[in-house]
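Input: a single structure, listed below in structure tokens.
By letter and in written order, the chains are A, B, C and D; residue numbering begins at 1 in each of them.
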């Protein structure tokens, strides 16, 4: 019997923290040895996370380091960088779910987020999308787990950009729709049930959402040239799920896009490419680490609608972090992550 | 005191029929004198429409004509054409909420819907979008009330297409999201609560939805040239509401788009143009005949995100039909339609 | 042509304020002449209430009195009493939607709410449930509009208590379920979409909800003896609607309960009694001032399940306030309130 | 390493079938070796169950027996009995999720369900509520897994009935609220999204729901006398979850109810008793096999509100079936079932 890897979670009391606890519970190769928080320190986890109601282990104070083989940081951006820095200084392997280390261009970071909280560490992370960076992740000590929107958007487009079969001279339109849990656990007016259920709206459309530069960074890397994206998110009255709808002007014949994507994702256990013309549903991936990708040809215009559906808290956050950890520590990539969706 | 116009509704027992009854209830110039149906004939309306529970007037049999100044036909496409034909032969002024008379090109109709149910009448209707066809509506005896998606899509784009300030050489992308009532009252698998709530999916994307040619017809008419649209609808877990998000490549400076739209819709009481960068919410128009339009400039790409939110059963169907009737009979255009939304 | 009554709304920027504006819009006998607020003074109503987006009249400052024939106060309890006092001192006819004047026993008030904000006025109001207090309302200058839960609970039980056909020696169980708008517009943790949608929970069960004494007061008044109620509210993931389910042990034969209720509500245009064994649905009354009441006999135990469904913001608040005003000023009781529900 | 038990699922294509697949996926002691169906035979499971989209193993034809150590039957009542009979004749250990073997009185069965499909087997099953029948389950070869409503209702009341601390001379009121998945996968009018979301209604109240006799059977068994229940279910616009609210007239001092329940459920890993006065939320158990129980004293009346929240598809169906299998085969009772909820 092999020893289990020992994992800690810092920032255990938000939604991604709760989801890390749930997913690690069933993981055959990693055990959870500690939950660390701020405002909830000293409370039993069961009074902080309703999914654990009745469980009495305490949320502990983070004091610069934790005794663990790997650490998941589930903190808001800005708050994460100094803690990641401290953990890395102590030699820990860190999987950071915040935005603090996702961008590789310091100017771009500053433009979207302001001053960085640990500038000396900036640029040291591997972007934690295993489908694109699997090899680099095997030796990474700091992993920047992608945002939920970039995961869905990039997974839909990566095979096409990588193969050079789509026009990149003009901005790519990505119209994204998200459930409300992506806005986090903090109460705010925009997530008040009464004004959100039975309503639908865009927000930060037209290039104002902070996930835009992540998407451009990853697609540009695949393309070998600067790619521009018009990214427009919308808030949908449901708890979980992201659906990204991207509009692709093919270069050449689009007939093989589905097959091309299947080849691209061969060896990627979390991505499933649906048959041409199918439509992924976010309910089909709820609670699971799956990404469902599809391509639909518009015969009237020759364009292709590319879609990807994920659970924003799993493949868009906590599940992806564990997937990265699996890759990093030589476990099967789908370890603890291959369960079906909680459907319906 | 002026006499009230006497209106009948044929097909009174679906959602648009129910909404006609609700909206006509408060109308100062039109009174409802009869409800006609098929499968529900002889039942009290209160047992057919829960919003009228307890009301005892009977659903009547349609026998070729009705005694009324105007008739609203709220029937499915295909079923509507022969009834409209019969009513027109009897000299009635008809407002048809089906798709049967919306298209003006018979070949296009056949391609999307098959054989027409009253070919001799094809092409006789005025397209019932008052914001575009107000003058023609004043003398129309057959009005084809637009679909819900075309209403939202065209209202967002019409001012820009009309003014010649957007590129039309490439297909226009319209990503639309709809509540579930647009699928009608008939029970089907795709509207089963358990598999729809908490999920989000596209359907008939990539140019396969029948509302596509309507949108192209109206925009082409404004442009004076053939316009192509890539129209992709999505089903959102809410009852009412449509949000159309269109992506516009400006020709020239987009700074004045909002002002330009305000001028375009001056004199149109049902359309309100929000400030630049705002986002309309479908909850803000629930139950009302308002259309909220907005434009957001993406400074990084120079493109503009154009949006329009409506209630699909009101401005997207029954309210619009009444708006057309108001125009046709010389009543104030907003008569009976200027109430605020049922918010929240 | 008769003159319109001139109404003002103080506290125009919460949900009941918005609903007053919507309902008065279509009222044939009352016109709205001013909206008064606190934190939103000087803003256009269209930026405060999304249902009025685009409308530019200003929210005005309340300065002790308003020039109007009648005033609706839509303020939180506690905040309402001094303003009501000021308006009454100026001679205005006031319809108060808060809890401040609903109870007629000062000790009971103190026990549930603490010190009263205008003790000299305490006890001067008529309880604004027209179905029970129609005559007193005709001359009332201060009307305490009931809470949403008491309206539904009392309407279900009043005919039975009044007729002396149910056992009152033991506590009456009322299990109530409410949509979320009843919690108001203020953002709080308990109404965060992500932790409320797809969940269901009780709150303040077991006699701890402040609407309990109102229900007991009204039923005791009908019974002529002290009635105890075990009132247990639950929060349901929907915006509007209250369903009260009450459990009745009949005295004598329950066969005639439905007929008895129909007689009790003869002349009450807002209440409709469904056939025995039917179940009212809150969606059937959304946006309307209707109350649907039903009785179902359990043949195995001889007990009766009594239910009432209302829209908490209409018959449970703003619509009921207008209904009271209609009675007070001699207008038809259903004036402006007899429209069908916004269904679906 | 121990051998895994080999399990089959007959009726794999409804919601409880899907949930069995999901839960067995993570089970350390049981492996799934075959899925059997009717109308979907020969289709890949991934095209039948969206949660398995992409998985290619076929749904197989049931031919009277299956090669497995244990069989879960997830069929509708009536359809299940003959298949269970056939499996039992072949010596299989069967866990039947239908209602066919839950009742132990043939007359009562006939009264509620009509003729039985395998009368010779009637009365041979152990009622699969491990918290009440753990010992009998250890040697059971036919287990009748309880309905979702009885599970929640009985778990709330069992400790009190068993301890003789509540009045049983009068009917016990259980007001239950359920998500929509309990109505199954079959499309019907009552589960049409548009007429169900944003609405709330009772159904089969007043002793007409078929789960009533199950509840009475189990409580009567604990009480040693015939107990009557007034059971009133309601349909709530959410996918999963049941909340049962029961009203208890204590015999003697109710102060110790919570502690009494904790003792009763000591050794029951799936039940957690909340602190006195707390309210369980169905979202806190979504996807998990937990039952949350609470007791709230109404100091004004001396009555107690007893509540229990479960996920109707897990502890109310598939999870409970697996829990029974764990007990039957000597595995830890929580094996494969102790994961946290999918929250939020």
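Definition applied: a residue touches a chain if its C-beta (ideal position, glycine included) is under 8 Å from a C-beta of that chain, and two chains touch if they have at least 3 such contacts.
Treat the numbers as computed from the prediction; the structure is a model and nothing was measured.
Asker: Farthest chain from subunit D, going by mean C-alpha coordinates, please.
Answerer: Checked the centroid distances; the maximum from subunit D is B.
Asker: Compare the contact pairs of A-C with those of each option in C-D, B-D or A-B, and report the one where over half match by residue number.
Answerer: Interface equivalent to A-C: B-D.
Asker: So the centre of each chain is just the mean of its C-alpha atoms; given that, what is the distance between subunit C and subunit D in Å?
Answerer: Averaging C-alpha atoms per chain gives centres 39 Å apart.
Asker: If you average the CA atoms of subunit B and of subunit C, how many Å lie between those two points?
Answerer: Going by mean C-alpha positions, subunit B sits 35 Å from subunit C.
Asker: When you check subunit C against every other chain, which residues touch at least two of them?
Answerer: As it turns out, subunit C has residues touching two or more other chains at 15, 50, 181, 194-198, 237-240, 281, 283-284, 286, 344.
Asker: Would you mind writing out the residues of subunit D in touch with subunit A in their complex?
Answerer: Spelled out, the residues of subunit D in touch with subunit A are 15, 18, 21-22, 25-26, 49-54, 181, 197-198, 239-240, 272, 274, 281, 283-284, 286-288, 292, 338-344.
Asker: In the complex, go through subunit C and note every residue touching subunit D.
Answerer: Its residues touching subunit D are 170-171, 173, 175, 177, 179, 194-203, 205-208, 212, 228, 230, 232, 234, 236-241, 243, 245, 247, 249, 277, 279-284, 286, 296-301, 303-305, 307, 309, 344.
Asker: Inside the complex, what are the residues of subunit B that reach subunit D?
Answerer: Checking each residue of subunit B against subunit D gives 15, 50, 180-181, 183, 185, 187-189, 191-198, 237-239.
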